[in-house]
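Two complexes come next, and they have one chain in common, chain A, joined by chain B in the first and chain C in the second.
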Partner chain A sequence: MTRAASPGTRAPRGFVAVGVLAAAFLALPVLGLILRAPWGDAFERLGRDGVADAVRTSAVCATASTFVALVLGVPLAWLLAQGRIPGRSLIRAIVLVPLLLPPLVSGIGLLSVLGRRGMVGRLLDRWFGVTLPFTTAGVVVAVSFVALPFVVITMESGFRSLDRRLGAAAATLGADPGSVVRTVTLPLVAPSLAAGTALAWARSLGEFGATITFAGNLPGRTQTLPLATFLALETDLDQAVLLSMLLLIPTIVVLVLLRDRWQGLS
Partner chain B sequence: MLRRMVVALSVVLLGAAAGCGDDEDGGAAAPSTSPSLSSSVAPTTAVPTTVPATTGPPTTAALSGMLTVMAPGPFKALLEKAKAAFEAANPGVTVQLNLGHVPTLLTQLEGGVPGDVLVTPDAGTMGQAKSKGLVSGEAIVIGGSQMALVVPAGNPAAVKDVTALADEALRVAVCADELPCGKLATELARKNGLALQPDSLEPGGSPGVVTKASTGEIDVGLVFATDVAAGGAKVEKVAIPEAANVSSVVSTATVEASGNPSAAAALVAFLASPAGLELVTGSGFVSP
Partner chain C sequence: MTLHFDGTIDRRRFTLEACFTCEPGETIALVGPNGSGKTTALQLMAGLLRMTAGRLSIDGEELDAPDRGTWVPPERRKVGVVFQDLLLFPHLSIRDNVAYGPRRRGSSAAGAGAVADTWLERLGVAALAREKPRSLSGGQAQRVALARALATDPRLLLLDEPLSALDAATRLEIRCELHRHLLDFDGYAVLVAHDVVDVLVLADRVVVLDDGCVAQIASPDELERHPRTRYAAALVGTNLLQGRRHGTRIELAGGVEIAAPGPGADGPVDVVVPPRAVTIMAAELPPEPGSWQAPLAGMEAAGDEVRVRVGGPVPLVARVTLDGLHELHLSPGAPVHVRVDPATITVFGEPTQPVDALSAPVRRRVPASPGGT
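What follows is the complex of A and B.
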């Protein structure tokens, strides 16, 4: 477990100083938020109207979106890693799009496909009377779009680093492709899976732009914690900071716990 | 240890900020001091006593430097016209617009973002800015903003009046309660005895509601009348008669922490001047 620093891994000159600066650059604003949060009346503030609803909506939507991102993302990552599909680099570029687009614009893109007048949304409305915008399901769709790349990218690199001979050996012993993935491949990429899941979940929890464009904002239905936080900014900065703690603390706890778990695995 | 790091970092940041300020002031101030009127006048007139000329005129020094106007996004068209007119009249001044969400503007000012002039779409916001000590002097009213209904082009739900906002069968969006236009929505509902049935309380405010109408996601929304134009041909305006309508007061003031208070005051005065007010009413606002 303890990895002694070998001579070859001594830090190059300056890396320590820059590394400390980088860590401080990221940590200090968070520390500033924590110090600024109104801990004194936190209980009263968290009991206010809408907070419980926003927490519930966020928890439900982040979890559901992470699930959607895993179900959709793992097979795509596997295909990309195998390298047998045409237009692979184009697909890889498309996977990055949600990371590049301002999420507000992603929301417009989703509306143009899945909105009430969208290419697909129009048909959903006509055939099933279903419209996604302004519904909790709409939040899940918006958040999944933004979270999916994290699963695909992490899992693709996980699949690529695998020793393919293991899968081939299992296949020679009579395992069909489905059970090779289930019993050999997935357990081997468990650390990537955990990392992808954690990143997707963290991104889902913090999603704001695509949600407000595609799903709107109604407490109890589509108002997630980031939306409630944004609105609290309008009237009560302290409340906004406290609500952001509800996003920050669970995320950091989960990431720290998972990190220990990964190191235990390796 | 942590404390020392915080201190060290803030010193670095402050230093950087101060550096930027110096640069701007120095660069912009230079032209106003270099041309000397007296030297060009003195030889031609050849007046022996140059004493009055060298002591100079009292304090009609030309305004100079950078001026940052903090205003809501929908004021863009108006303020771009005002910027052009003001810069033409004051060649030493460069006006830049920091357009954003109203509450964000206040948060930015509180956080120390440099701004010189604040424009607010309602009295409540200006009151907040005043009580927080963010603006100095009197806020000057330059116009009013009325509300209107926005519907997708062709008005598919045949919306006629404000009662549509309380129709459960329709897709309705209004601004979030926390925003100026959301407060006006509440006021309008009260005035007309309506129980609003919104499907979304748009955090993006009036422009957010217009977007929802332009994509056809809503049947009707309540917005500032001046914001409907941003939706182009994809939306239509359904006017609200005076008797059923509500409005807010547009005002402007200089920012307390302004680094260029004399130019800031001049811009505020320009906006409130007949020429400025003409731009205001020409941009769809009602006269104060």
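What follows is the complex of A and C.
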């Protein structure tokens, strides 16, 4: 997106230099990763114990969490966008909590509620024999918690920009409320849905703090790629850099897919 | 087999209380100033709003009767709506837009597509079937919207200012086509209109709304002859004055008196004064008998004539030729002499018998009722 410079908008002194510095600050770590990666023995390193498991756990958990976040987030976003529910600003503030909270704190919070001795976790254990902490399902719970706001925020802005009278037009043509959502609302918010899905998935893939706190770091069960990377950092920096590359690639793919959508996000 | 509308809806700053009927094959035009309740009435019939009290029925089937807890949602009413902004679905092709209604009402995909093709053909837009709505011109979009509304085979067709978004040439063309489709349509048609030509060409009967109440129900001819509200008079391009008859004189507001054109009973009267019956004379000239002084309130061009509005207690619109205007040396706010030719005015005694022999009983809102826009 380029825009012709309008008259009278000269850059204040120093802004150009600072701007260049800021962009370099953001770009250099990524460049550093690419340059520092042990490309020579990359295949051997990727074949080592635990890497395939971590990739699989990450892929499964990120995808499952994104699905959970969509199922929970889309209806909530719809309700928030309609503007007829009581306590809307409170709900919106609550939605933002996982975005702002340190993930470690999110993990402790989840543990205190869903842990084996937590308020809800105790009941799950007693009634259904289900324990979430330190299981793959626990990873999904922790990651969904962190990813949900991305879906809600993106979808709410999508629903808001929709002409609601199209729903009225559909109703007069014979569409019940469910059909209106399926045939009119969802197709029209598809771009927002795609953006929310991509953001939630990218965030899920990189989730670290809440996961390690709530679900631990058990290879093959709860050890996701970020956890494996953290572990590798203590013994083998090259391995950590290579695993970081694996996490970088999906981020870049999402960025490319969303390149025109950023303007639409609030 | 009739459409009965007799309902009230209380909204935050506005109350609509209206009663009218429509016969099969008939087209009713709802007219009135902005905020008089036309679109609200349409939304009540479509089921997009619910009545506070009253009854709406089509062919004896109750659609909305709050007293009895009856309410049929829009998707189960046999209603087709052409919205003012058309509201075509931007993500669907033209064919899918028109097929949408039949599909939702239970047709197979192929069946709905066939119905859509038929209607697109009938409205002369079959060539656009694969296009998306954003690539259409105003007239094309209007045809598609009409096709979409008719494709569900509605019993009640609602048209909210269907021609307002079109340029003059397209408007003429679409108006003729709409007229043809309305003649073919054997259900009930209700049209919201702002344009007198639309009303006169398309409507069989006119319901004039004023501040949420029915002010008049009349045939287009009757409306032209005797509009009963200022708005209706302006719509058909004439003046309506209220006065009181004393023998051969009619006393208007502010002590202005004019001669009555013929005999009649004393009492309150409506006086319809066509603009050509109004003469305007420069203030410098000596006043003629029967004339009064009024300030000039406005002027607007109308072809080779000018519509001149005068204010004061008896506001009127006059038609003045361009030459005449030049001779008058008019300036806004300046006084002029105004005279009305008794030979070309029409006087209606009041109270008249039912507003119109064709019409359902007219109810007027209790004057004390608060609010209204």
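FYI, the second predicted complex is superposed on the first by the 229 of 266 C-alpha atoms of A that agree within 3 Å, B and C clash if a C-alpha of one lies under 4 Å from a C-alpha of the other, contacts with A are read in each partner's own complex, and residues count from 1 in each chain.
Assume a residue touches a chain if its C-beta (ideal position, glycine included) is under 8 Å from a C-beta of that chain, and two chains touch if they have at least 3 such contacts.
The structure displayed is predicted, hence computed values, not measured ones.
Q: State whether chain B and chain C clash or fit side by side on chain A once the two structures are superposed.
A: fit
Q: Can A:Leu26 be said to touch chain B (first), chain C (second), both, or neither?
A: neither
Q: Quick one: chain B or chain C, who's touching more of chain A?
A: Looking at chain A, the partner in contact with more of its residues is B.
Q: Check the residue A:Ala169 against both partner chains and state whether it touches chain B (first), chain C (second), both, or neither.
A: Second partner only.
Q: Could you look at A:Val184 and tell me whether it touches chain B, chain C, both or neither (first, second, both, neither)?
A: A:Val184 sits against chain C, while chain B stays out of touch.
Q: Touch test for A:Val256: chain B only (first), chain C only (second), both, or neither?
A: In the superposed model, A:Val256 contacts neither chain B nor chain C.
Q: Have a look at where A:Thr222 lands relative to chain B and chain C in the superposition and call it first, second, both or neither.
A: Once the two structures are laid over each other on A, A:Thr222 reaches chain B alone.
Q: Figure out whether A:Phe134 sits in contact with chain B (first) or chain C (second), or with both, or with neither.
A: first
Q: Quick check: superposed on A, how many Å separate the nearest Cα atoms of chain B and chain C?
A: Closest C-alpha pair between chain B and chain C: 42 Å.
Q: If we count contacts the way the header does, which residues on chain C are in touch with chain A in the complex?
A: Counting only chain C, the residues touching chain A are 46-48, 73-77, 79-81, 83, 85, 87, 89-91, 100-101, 104-105, 148, 152.
Q: Hey, which residues of chain A end up touching chain B in the complex?
A: For chain A paired with chain B, touching residues are 24-25, 28, 31, 108, 111-112, 115-117, 133-134, 212-213, 216-219, 222, 227, 230-235, 237.
Q: What residues of chain B sit close enough to touch chain A in their complex?
A: 2, 5-6, 9, 102-104, 107, 110, 171, 173, 176, 178-179, 198-204, 208, 211-212, 215-217
Q: Quick one: which bits of chain A touch chain C in the complex? Just the residue numbers, please.
A: 163, 165-166, 168-176, 179, 183-184, 187-188, 190
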